[in-house]
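As written, the chains take the letters A, B and C, and residue 1 is the first residue of each chain.
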Amino acid sequence: MASLAEKRMEDTEEHSVDSTTEPEARPEELRLLEALLFASAEPIDQAALAKRMPDGVDVKVALAQLQAEYATRGVNLVRVANKWTFRTAGDLAWLMTRESTETRRLSRAAIEVLAIIAYHQPVTRAEIEEIRGVITSKGTLDVLLETGWIRPRGRRKTPGRPLTFGTTEAFLSQFSLEALGDLPGLEELKGTGLLDSRLPSGFSVPTPSDDVALREDEDPLDAGDTLELLLAPAADPETPSEG
Amino acid sequence: MASLAEKRMEDTEEHSVDSTTEPEARPEELRLLEALLFASAEPIDQAALAKRMPDGVDVKVALAQLQAEYATRGVNLVRVANKWTFRTAGDLAWLMTRESTETRRLSRAAIEVLAIIAYHQPVTRAEIEEIRGVITSKGTLDVLLETGWIRPRGRRKTPGRPLTFGTTEAFLSQFSLEALGDLPGLEELKGTGLLDSRLPSGFSVPTPSDDVALREDEDPLDAGDTLELLLAPAADPETPSEG
Amino acid sequence: MTAEILSFETGRPAADVTDSEPSLVVDVEGYEGPLDLLLTLARQQKVDLSKISILALADQYLIFIEAARKIRLELAADYLVMAAWLAFLKSRLLLPEPATPDGPSAEEMATALANRLRRLEAIREAANRLMNRPQFQRDIFPRGNPESIAEIRHPKFTATLFDLLTAYSAQRQQRVLATVHLTKRTVWSLSEARASLERLIGIAEDWSCLDEYLLNYVVDPSQKATVFASSFAAALELVREGQMELNQKEAFAPLYFRKRPPQASGAMSAPELSVE
C-alpha cells in the first residue's frame, strides 16, 4: 500500500495542474466524513456521524464545510430528510442516463390505421373507423403518434370538431418515399396483385397528399391541443408543401 | 512533497489564478467524471468513461487530474484491474468497521497457495506443491476458487495435462492492485530469482501474468472443464492484457 | 503445538540443555509438511537463510524426528523420506567428495535445499504482505449507495412499405367485398354462344369473318374474351355437326365461317375444317 500511495503521489505531482490548496491544510475530519458518507448505503444523520468522529469535532461545521467544498463539483453533499448523503449534481442528470433503442413491430391494427391515414389524410378518427369497420383503440393512435409518423394536423369543421390526422416527414423517411404522391395508386396496387382486379368499378384509392396547408374543411389546432396531445410530435414548420 | 507543493503555489501565484477561490476554473469534465465514478459501485474502464464524455476531452489526463485531487481525501480515485473507481482511503479502515461484513478468514495453507498462484501464475498444482513441499488438499483449492480470486486458466502441455491456475480481476480488486506488477515485494522476489520454480535459482526469472492469453506451454481448458469445475469463475473476456 | 525448542549450537533439544523439564514437546501437527518444519528449524539458526548451515539443520531435523518416533508420534511418510534424505545428505557432506561425481554434489544438494527454504520463506513473506494490504470490503469500501444509471428506452418502430400497402389493400378490399356483393360475372355460356352462332349462320351464306360478327354483337368490350372463347367452342361443335364450315389461313389469323353448302350435307362424316 505504502508503495502504491507513493506512486500515486508521484503521479499527482506530475499532473499537478492547479489542484486545490496544500492538502495538509484540510482538516482530517473532512476526510473522515467524506469516507463515511461515501461508503454508507443510506443517508446518515448528524448524530450518527458525530458518534464516529473524534472528540471535539464540530460535525455541523465540518458538514457545512464539506458541503461548500462539493457544491460546485459533480457530486454534491446534500441533506435529505435531515440526513446527509452524496448525490450527483442535479444538472448532470443527463449524464446519469443511458439511452437505448429497442426495435418494436407495429401491431396489425396500427399498420392499418397508419395506411388509412397515409392514403386518406387529412382524416378523422371516425373516418378511419368507417373505412376499417372497427373501432380504433386509443392505444393504437398513441403508438402511431409515438412513432412520429403521424400527427394531428387540424380539426375538421364538423360538429364535435374532431382532430384530423396526417403523416409527417418522418413517415416519408421511414418508408423511403420522396413524397406522399409516391404511394402507389389504384392501378399500381392492382398491378402488384395487392388489390383484386375484380373490384367494383366504383372502387377508388385516393391520391394521397400531405400538403401542410389546411384544407377548406379544416381548422387549425387549438392552443390547448399541444398540451392535450403531449405524445404528438410537433409539426415540423420546415416541412415543404408537397403536391 | 511540501516543497513541491510550495513550488506549485508559487507557479500558481505567478498566473494569479487560485483555483480554490475560483471554482469555476475547474474543468467541466472533472465534474462529469467524478459524477459518473462516484455514482457507480463498479469500476469503469477508460473507454466506457470516454464514451460518456464530450468530444475532445482527454479522459486520461482528466482522470489523472481527478486522481491527484482526491489523493489526500477520505475517498480516493483508484485504478483496479485497469478500471477506475472511487474507494475509501486505505488508512481510514479503522473508521469503516462494519458490523456485518465479516471477511472470510482464509487458512494459512489457503493464503500460501493463493500467494503462490499470484506470484507464479500460471502455475499447476504440482508446482504449488513443489514450493510448499506438501500435498495441497482439494478443499484448499475449492475455498480459493469459491472466493473468485483464482481461476483455472488452461492446461499445461505436459504429460497429464494438469490444470494451470491464475488470479482473476476480483483478486486485483480485493487487494487494490492495479495490475499484477503491483504485487507487494514482486521486484525483490524477482531479484532473488526465487520466483523460478527450477532449482537452483536460474537465469530467467518469470514474471507472473494473468494475461488471459495462454502461454506457449498452455492449452485451453477442455469443454468438459466448465462442468467439472463449476466453482471456477468464468474468465472475463474483456480483461485487457497485462505485461 | 509447536513447542520444540532446539538448540542451534548443539543440535539437541534445548530442554535437555537447560535440564529443567525433561519433556520435549514434539508435535508435527502444526507443520505443513517437512519443508515447513525445516524452515521453522532453520529460522532458529537466526541467520540469513543463504548462510544457513545445512549440516546443522539436518541434525536438528533428525533429532526432532527421532524424538517424535520415541514418543511414538505417528509421522507422515513425507517426514521420514525427508529424514532419510537428510541423513544421506549429511553423510555426503561429511565425507570427502568422490573423485568422479556423477550427479549433483553434496554441496549442490545442500544449496538446492537452502534455496527451497528461501523460496518458501519468500512466498510466505509475500503472502503476508499481500494479506496486510488494505482489503476491499474489509478496509476500504466502494460506494455504499450507488446511483443507478437510468435507462431511457427509445422504441424504434419498424414497418415496411410492403406492410403498409398490404394492410391498406387488404382492408379496403375486405370492406368493399364485404358490403358490395361480387357482381355476377358476365360470361357467355356455350349454349348462349351456340344460339347466337346459329342465328349468324342463317345470315352468312358466304365466308364471313367471325371476329367482325362478334365485335358487332358484343356490347361490352370487357366481355370480348368470354364471347370469343365460347363462340369458338360453339363453332367447333357446329362444324362437327356439319352445319358450318370454318376457315383460317394461319395461326391467329381471322377466322372465317359460312353455312355449310347443302350438297355436302351427305358427307357428314368428313366435315371440312381446312386450315391452309
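Assume contacts are C-beta pairs under 8 Å (C-beta built on N, C-alpha and C of every residue); 3 or more make two chains touch, one makes a residue touch a chain.
Everything quoted here is computed from the prediction, not taken from an experiment.
Averaging Cα coordinates per chain and for the whole protein, the chain whose average falls nearest the overall one is C. Seen from the C-alpha centroid of chain C, the farthest chain centroid is that of A.
Centre-to-centre, using mean CA coordinates, chain A is 36 Å away from chain C.
Separating the CA-averaged centres of chain B and chain C is a span of 31 Å.
Chain A and chain B have CA centres that are 39 Å apart.
Each of the following residues of chain C touches two or more other chains: 133-134, 141-143, 147, 149. Contact with two or more other chains is made by residues 38-39, 86, 88-90, 92, 96, 176, 184 of chain B. Interface residues of chain B facing chain A in the complex, by the touch rule stated above, are 1-2, 4-5, 8-9, 12, 17, 19-20, 23-26, 30-36, 38-39, 52, 61, 64-65, 67-69, 71-76, 78, 86, 88-90, 92, 95-96, 176, 178, 182, 184. The touching residues of chain C, when paired with chain A in their complex, are 133-134, 141-145, 147, 149-161, 163-173, 175-178, 180, 182-183. Residues 38-42, 85-90, 92-93, 96, 98, 101, 103, 106, 108-109, 111-112, 114-116, 118-119, 131-135, 173-177, 183-186, 189, 192, 194, 199-201 of chain B are the ones touching chain C in the complex. Interface residues of chain C facing chain B in the complex, by the touch rule stated above, are 32-36, 78, 108, 111-112, 115-116, 118-120, 122-127, 129-131, 133-143, 146-147, 149.
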